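Labels A, B and C are assigned to the chains in the order they are written; within every chain, residues are numbered from 1.
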Amino acid sequence: MNKVSLEMGSGGRLMQEFIKKNLLPKFRNPFLTQLHDAALLPKGYALTTDSYTVDPIFFPGGDIGTLCVNGTINDLVVSGARPEYLSLALIIEEGLEYNVLDRILLSIKKTAAKSQVQIVTGDTKVVPQGQADKIYINTAGLGCLVGKPQPQQIRPGDKLLVTGPVGEHGLAIMLSRNNFRMFSGIRSDCSPLLFLLPLWKKGALWMRDITRGGLATVLSELADKVHFPLLVEEEKIPFSRNLKGAVEILGIDPLYLACEGRALLVVREAGANKILNQLKKNPLSRQAAIIGEVQDRVGRKGEALLRAASGGLRLLEPLTSELLPRIC
Amino acid sequence: MPPKTKSREPFSAWRSSFTLKALLKAVAKETGALRRTIRIMEVCGTHTMTLHRSGLKPLLKEIGVSLISGPGCPVCITPDSYHEAIIDLITKEKNFLAATFGDMTRVPTRKGALQTIVPTFGSAIKIIYSPEETLALARKNPDKQVIFFGAGFETTIPSIAVVLQKAYSENLKNFSVLAALWLIPPAIRTILQSGEVAIDGFLYPGHVSAIIGEEAYRFVAEEYRIPGAIAGFEPADILLGILSVARQIRENNPTVSNEYQRVVRPEGNPQAMRLMAEMLEPFDAYWRGLGLIPKSGLRIKPEWAEYDAIKRFNLKLKAEKTLRTGCRCGEVLKGLIGPTDCPLFGTSCDPEHPRGPCMVSYEGACLIEYKYSSGAKKK
Amino acid sequence: MCLAVPGKVVSLNKDGIGKVDYMGTTVLANLTLLPEIKLGDWVIVHAGFAISRLDRKEARKTLRLFKELEKLNTPE
């Protein structure tokens, strides 16, 4: 292909190919090649960056402001770092109403304050009408390591845990972006995952925030990393009832819907129930659940398998292209 | 004993592992008595999807039921020329709004896919969930030409007919439909007539049947002596359908059994069929992969030509004789081969680089095999 | 080609559009293919159109069939 397609930015395999075949060879260094959510740097620092181009900029449960702070905070948390400082770069489309911009900035302020992160540097650009879609935001986050992800320690018996019902952000965006004439009351799950930080010292081996591509993509990526297959029980995955209804109407697989405030954890079997109970005490993770385990009885290395209610197994692949509603 | 949990979900019994295991046992009993593997063609892409997602397909294989995917995939059988016609309009003409269902936009053609082409200024593609949305698009954008690229089988065709009728009664001046409407019973007849596949039974599509009723499939049982069951889409519904087919085989009593009586009436939906007859007429349509099938398509009747995009914009829809090099989608659609039998599967043809529609459509047999089966190969 | 969900008709208006509730999500559905549908009926909705009425008596029959099959299955 000689032109960049929208598909390349969708977070699926095409993007992974781009990163591996195009970006990495040019910028090869030991920090980048880890391909963590954040780069783990010397002197105990972690650095991450993300750009936010969400449309619509205001949606049920959040806006581009809450997103650009929480998204970056969460990348640091799941990499073992306490988020401390953020940079904030704005690219604003000429003609954006001032009160809309203000609303977004207030949202950023509140969200950052809630997680005790400071915006310490930034940049503002304005581009002519039509060259950006209202506003694009980039945030980079700097944090201090409090724990260390140890994917190489993962072994059969280790449990897989999610911190709450999945897919709500993706569905909220999809419904507000389109005119499907459906009302589901679903709100984005956009929220900070700071409550996970203490778990780095309490037995968490690995974490990943479930974003674009959904739970299935994260499971598939984890399976690629560890040396054993994963087995997840479909009936144990938490979904909200309204979401279940909406995705069935649209024909979308909820395992591929994005979240913005949920994580997948790998923990040792021995401590799993304790961690689960602790999570359940927190209002942000009341519906946390153990959904499966790392094992070596079924499947092959690199496979993330889902056991359906029938008892049959299904392979989980990463998201390959944008989720679309279907009629078939 | 099954757990006595009260569920607020209408389908919990149809999905519970308890029910499914009991049904699988019942099927195993029938196939055990037959002492051979039976080959059942499921015609509907939604059945294909449920069979894979529910993990049932390999379990059924283990108990002697081999499932073959049939041609019930509108994305798979709509020829490239329809997409190319829309692509031409969108990239060459200003102010065209093309509206279509999700996975239609991903079909790769020589001119690209609807999803990746860049429309000319003022034109755009809109993905819709319901045909109703296309009318709203036309009303809200009086300065644009709205074309609804509507593809589907009998489940969807009545809705498209309603939309045509509404456009007429509202006297919409900027609305038309590129109709790609396909009928299931003629396709089944063509597959049986070719004699190329050994099929022991059919699983008929529950929602197509809700429109056309039971008698539409009678010829399969009477002329070809092949059993069939109309089945719904919950995992338990599919198993009930398979159970019925297995029993019909064992009793040597081919018929059309309705295992979806909560939705399918013997006479179908008369109002829907009346409306279809009013707005549409059958013609000999060309199916991608299957070729020309007599009276297998529906087109907009001449009196509604104003709303027929083909006539309105003088679209040239060429019948293609062959698929693109190496693509064996046609044979997959007929059930002659499985996806993994195609040499391109997993090598040069995969979801990011699809060579044909069977790898693009959500219910295309090849995409489903790739996504859900452990057998799928990675580099 | 058959993706559809069952839902309860919770509102009906004059031009044949109604609201159908499925598991807490409400979808606007065109009901003109089912001229005799009433408020409170259950329908099957495909692509924003109600295409068939759900017969709950038949659904209960199927549930009873499941229970029978499960009973046969239980001595294990």
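Basically, a contact is a pair of C-beta atoms (placed from the backbone, for glycine too) under 8 Å apart; a residue touches a chain by one contact, two chains touch by 3 or more.
Bear in mind the structure is a predicted one, so any value in this text is a computation, not a measurement.
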| item | value |
| --- | --- |
| Selected pair, greater C-beta contact count between A-C and A-B | A-B |
| Chain closest to the middle, measuring from C-alpha centroids that were averaged per chain | B |
| For subunit B paired with subunit C, centre-to-centre distance based on mean C-alpha positions, whole Å | 21 |
| Rounded Å distance between subunit A and subunit B, as computed from the means of their C-alpha atoms | 34 |
| Whole-Å gap separating subunit A and subunit C, where each centre is the average of the chain's CA atoms | 35 |
| Multi-partner residues of subunit C (at least 2 other chains) | 1-3, 22-23, 28, 46-48 |
| Subunit B: positions in contact with at least two other chains | 8-9, 21, 44-46, 72-74, 101, 129-130, 132-133, 152, 155-156, 363 |
| Multi-partner residues of subunit A (each touching 2 or more other chains) | 180-182, 241, 244, 249, 251, 326-328 |
| Contacting residues of subunit C [partner subunit B, same complex] | 1-4, 6, 22-23, 28, 30, 32-35, 44, 46-49, 51-52, 54-56, 58-59, 61-63, 65-67, 69-70, 72-74 |
| Residues of subunit A that touch subunit B when the two form their complex | 5-7, 12-14, 17, 178-182, 235, 241, 244, 249-251, 253, 299-300, 302-303, 305-315, 317, 320-322, 324-328 |
| Residue ranges of subunit C in contact with subunit A within the complex | 1-3, 5, 22-28, 45-48 |
| Contacting residues of subunit B [partner subunit A, same complex] | 8-9, 15-17, 20-21, 24, 44-46, 49, 52-59, 72-75, 101-103, 105-106, 115-116, 127-130, 132-133, 136, 152, 155-156, 235, 351-352, 361-363, 370-374, 376, 378 |
| Partner subunit C, residues of subunit A touching it in the complex | 180-185, 241-242, 244-246, 248-249, 251, 326-328 |
